[in-house]
Amino acid sequence: MGDISLPNELISNGNNGHAVGVQRKSCWYEEEIEENLRWCFALKSILHTGASQYQDIQLLDTKPFGKALVIDGKLQSAEIDEFIYHESLVHPALLNHPNPKTIFIMGGGEGSTAREILRHKAVEKLIMCDIDEEVVDFCKSHLVVNKEAFHDPRLELIINDARAELETREELYDVIIGDLADPIEGGPCYQLYTKSFYEFIVKPKLNQGGIFVTQAGPAGIFSHTEVFSCIYNTLRQVFKYVVPYSAHIPSYADTWGWVMASDSPIILTADELDLRIKQRIEGENRYFDGKTFTSASTLSKAVRKS
Amino acid sequence: MGDISLPNELISNGNNGHAVGVQRKSCWYEEEIEENLRWCFALKSILHTGASQYQDIQLLDTKPFGKALVIDGKLQSAEIDEFIYHESLVHPALLNHPNPKTIFIMGGGEGSTAREILRHKAVEKLIMCDIDEEVVDFCKSHLVVNKEAFHDPRLELIINDARAELETREELYDVIIGDLADPIEGGPCYQLYTKSFYEFIVKPKLNQGGIFVTQAGPAGIFSHTEVFSCIYNTLRQVFKYVVPYSAHIPSYADTWGWVMASDSPIILTADELDLRIKQRIEGENRYFDGKTFTSASTLSKAVRKS
Amino acid sequence: MGDISLPNELISNGNNGHAVGVQRKSCWYEEEIEENLRWCFALKSILHTGASQYQDIQLLDTKPFGKALVIDGKLQSAEIDEFIYHESLVHPALLNHPNPKTIFIMGGGEGSTAREILRHKAVEKLIMCDIDEEVVDFCKSHLVVNKEAFHDPRLELIINDARAELETREELYDVIIGDLADPIEGGPCYQLYTKSFYEFIVKPKLNQGGIFVTQAGPAGIFSHTEVFSCIYNTLRQVFKYVVPYSAHIPSYADTWGWVMASDSPIILTADELDLRIKQRIEGENRYFDGKTFTSASTLSKAVRKS
Amino acid sequence: MGDISLPNELISNGNNGHAVGVQRKSCWYEEEIEENLRWCFALKSILHTGASQYQDIQLLDTKPFGKALVIDGKLQSAEIDEFIYHESLVHPALLNHPNPKTIFIMGGGEGSTAREILRHKAVEKLIMCDIDEEVVDFCKSHLVVNKEAFHDPRLELIINDARAELETREELYDVIIGDLADPIEGGPCYQLYTKSFYEFIVKPKLNQGGIFVTQAGPAGIFSHTEVFSCIYNTLRQVFKYVVPYSAHIPSYADTWGWVMASDSPIILTADELDLRIKQRIEGENRYFDGKTFTSASTLSKAVRKS
């Protein structure tokens, strides 16, 4: 190595170690969307990790999607776009109901579903029944955005199996909401998506005019055949009126689906929905309004056909 | 979806969200060893992040290599094997010196080089001169393993450019150690590897019989041509006796090199080294002993030839 | 290692080498959707690679999305869902036109846009003008699905800058289609999305009742602000009627946008669109029909507002 | 979007599609070195893929390491540094033998071990016995560098289980070489590393003064405990003289080990080895010489102790 002259500002003694390279994103969260497909987010930090009897829990801080709740290696909810999922799950059913006073959530331990429900002024009583106490405690402690909801006096939080709880309780509900993991064969929630469950457990617990709504898995042009179509077809055997709808959720790298079902007609127009949003919901929706629902509930050709 | 019966233990209501998959490693640290080569460690957590005037700093907790200090996206030091680097940098020079009382480290802000030096009973005074105060403070706060070294009364810690500091000080040293980033052209440390620097700044500051040693970059069968050979050849123009040696460091995914240089002969045998280790060093070495040095200083054919 | 007895079927001598592990996906295509977000597909093979004066070209065979055309490290088109992009780009404009006989494509070198256009029985003449001859030749040779289109006698293929070509030609067109790279500032196509380009180059080349349509970049709930909103607002300054619409494209990991513009009203209902599809288009659409367009052209609240 | 003027050279119409980004490495080979550690090479192409009754086979063209043979998702051999593995496996044993005329390879289907053996002028007969015919055929067809070896008249290629073949044959060998997959418990080669196999099958087939050598898995400062130490300790129970040695192989991201064993002393000095290399081996070694072996057979403190 010969002698060279470097400008003064470059002359410095560095730190212990070897090559100083250009700065790059070096920490990543990686999810297998499916076996041959990965989705990777640059990480700011790993905020909290925990484990329950049932599942592993992580709260990550990601660069593209903000704080992210990850359960068993699967992204559940990202700060930046969880409102799409939760507004879509809650508002169509509650707005279509003439006066939703009592609500039951199966699952929902994250607290965001409760948060959206509690924005409805009509709601008097909300049961949230999740089996995993550690997940609920984790979210209660760490998800600031749901703090108020977790402390709302209208919320009754129960740690139990949703099926057992629904069977035990004698009261009826205006809206029942399924905020559960997908019905993977052999998975923990499979039984909560069956025809007999809907027919003998859910439907009898709805008040006259009551509405059931459930998250229904991926609803993309290819992915909708996994569970979305099945849930829709199952609910059609149990309820007179069934409305599927979907929305693209960026952090899920897919379009997501929900299905709403009732024995009373679900027929609000975009304008009527907008009017009820104004009258009934506190604060401003970020995703959901009448036109959005018109689009969301008009499925594309390929999805509609199957 | 038809009706199915699942064993009771599988019936539960899950948490909010979608598919619950099998658990997998989902957070990773990724380093570009070179443009076409990546090295990725599963992450337990991101313990601390910081930034100095010169560099970005991260302390990660990795699954394969324990706690890892990362500067500007490059791994500096991993809990599990940093002893290979630091024992190799320090002990050959100090053991070959008859009585090493005063030592000067250029760089070394991590503190591990100081830690190894201070294990030598003969050492009376140790100057550690690093330009980056934030990195030094970061390591002082977070690297528990070096805590004692940072508080040893024999250590004098100076924040300055190593060249400027060496020029200013009038005293001479028994051993001078280069623990700096690699000499990348245009990089911050380039000038601290030149012939004129060795000849006019380093050598005049060595006592009679003094030894200079420097980390010398990758020394693998292909990678040694980057800087290892250059440093060796440069030092041969300045000192009478020059000894290159190398060791495989797992967390670096490469063999690493050091070069020791003096105007007095460096000729201890494996047995003499082992004897001095026993007499002079407190505690037990984990990597370095006489036979290890015999092997480390016998370079393989390809490296020797170039 | 002691002596052990293994069942006979396990006793075999393997092949040269070291550990035999479980089989996993080992080859991946990786795309940076944005700086902090990666999208990775398991690879079956790398079918062809090439380079033009302007760009690098790869034809990959991926497990999740089939054959994929990648230009400069960005996925252009994947076998499994390119029909969503190309049906959406072509059919709304051609169906809304009373009798689309002459069409001009700016870009479109892949051939898929031409393929969809040529399914319309009314089309008599199609100019496809792409600047990159090597990309066109690459696609002509390797994309079997567009083979017929490239050899259709109604197609005139021109290698030129689209702006220069439009300016030079005297004839007018019923539909002009922009199938160009996004208008990145300083990028090659920026100028082909400006108000003056639309006003002074595109619009004068449209016949009475003519329609212009362009791909308009990502149109997701966050990503639409990058270029989709800009293109919509620019076109509104030039044309009387402007219709934006969007669709989720799985292989792009995002919702994509298009904008259609004309000085004649664009007012077909879903039923009228379905009727014209039946009358005018050969073969069956896989994505596009009347209801799909109703949904696609009803933007969600967040996108609509900005 | 306003009107802007771009320099002429930037004005062009691009190709079909969306954003044109900067070019990056987009195809990667990824190997799990261990559960929490990945090693990724940028890919030029996937040259050939195949599958045998036992294993999956791929020949990749990688940017950092050239052509790479991958079996069941594990790198076997990379063009750029396979010579380190194969020279280390073959030459120490053959050079230490006074006159190695007959050689038996267990495994070795890749052909590179045979290639190095056949460079020894003394060799008259070489048996290569691999169980996997498809792998052998794959390598014969695709590994140009071993073409000559596969056609050398001294080579007899046998498709069989190495144990069965050794037991059947009556002749004895000067050197027997184990070039088999690591002894993973329950894996296909486990039984070929046991004490009884060495004692009752291998040793009886060695001529007077014969030498056995085997690849012995990772020999890094941490990884040597997996199999390297076991193989060494097992062989010490069977042979009088046992010499372990190791070398860093860049493409394996680890130091690799071999063990040589005999009932005759193995005592050549570096100079004697260099002399025999000159006298006996055709062509020039790239890795192996006397000093390299001195270093390779002097294990570092941590490895030596366990």
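Letters A, B, C and D name the chains as they come in the text, with residue numbers starting at 1 for each one.
As a convention for this text, a contact is a pair of C-beta atoms (placed from the backbone, for glycine too) under 8 Å apart; a residue touches a chain by one contact, two chains touch by 3 or more.
All values reported here derive from a predicted model rather than from experimental measurement.
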item	value
Those chains which touch subunit D and also touch subunit B	none
Chain copies touching (subunit A, subunit B) - same or different residues, decided at half shared	same
Most distant chain from subunit D by Cα centroid	A
Euclidean distance of C-alpha centroids - subunit A vs subunit D, Å	51
Length of the line joining the C-alpha centres of subunit C and subunit D, rounded to whole Å	47
Residues of subunit A whose C-beta touches two or more other chains	25, 28
Contact graph of the chains (line, ring, star, complete, other)	ring
Touching pairs - complete list by chain label	A-B, A-C, B-D, C-D
Subunit C partner contacts - residues on subunit A that touch it in the complex	25, 28, 34-42, 62-64, 80-81, 84, 220-223, 247-248, 250, 253-255, 285-289, 291-292, 294-296, 298-302, 304
Residues of subunit C that touch subunit D when the two form their complex	1-4, 6, 10-32, 43-46, 49, 54-56, 58, 60, 70-74, 76-77, 106-110, 112-113, 129-132, 135, 161-163, 179-184, 186-196, 215, 217-218, 230-231, 233-234, 252, 256
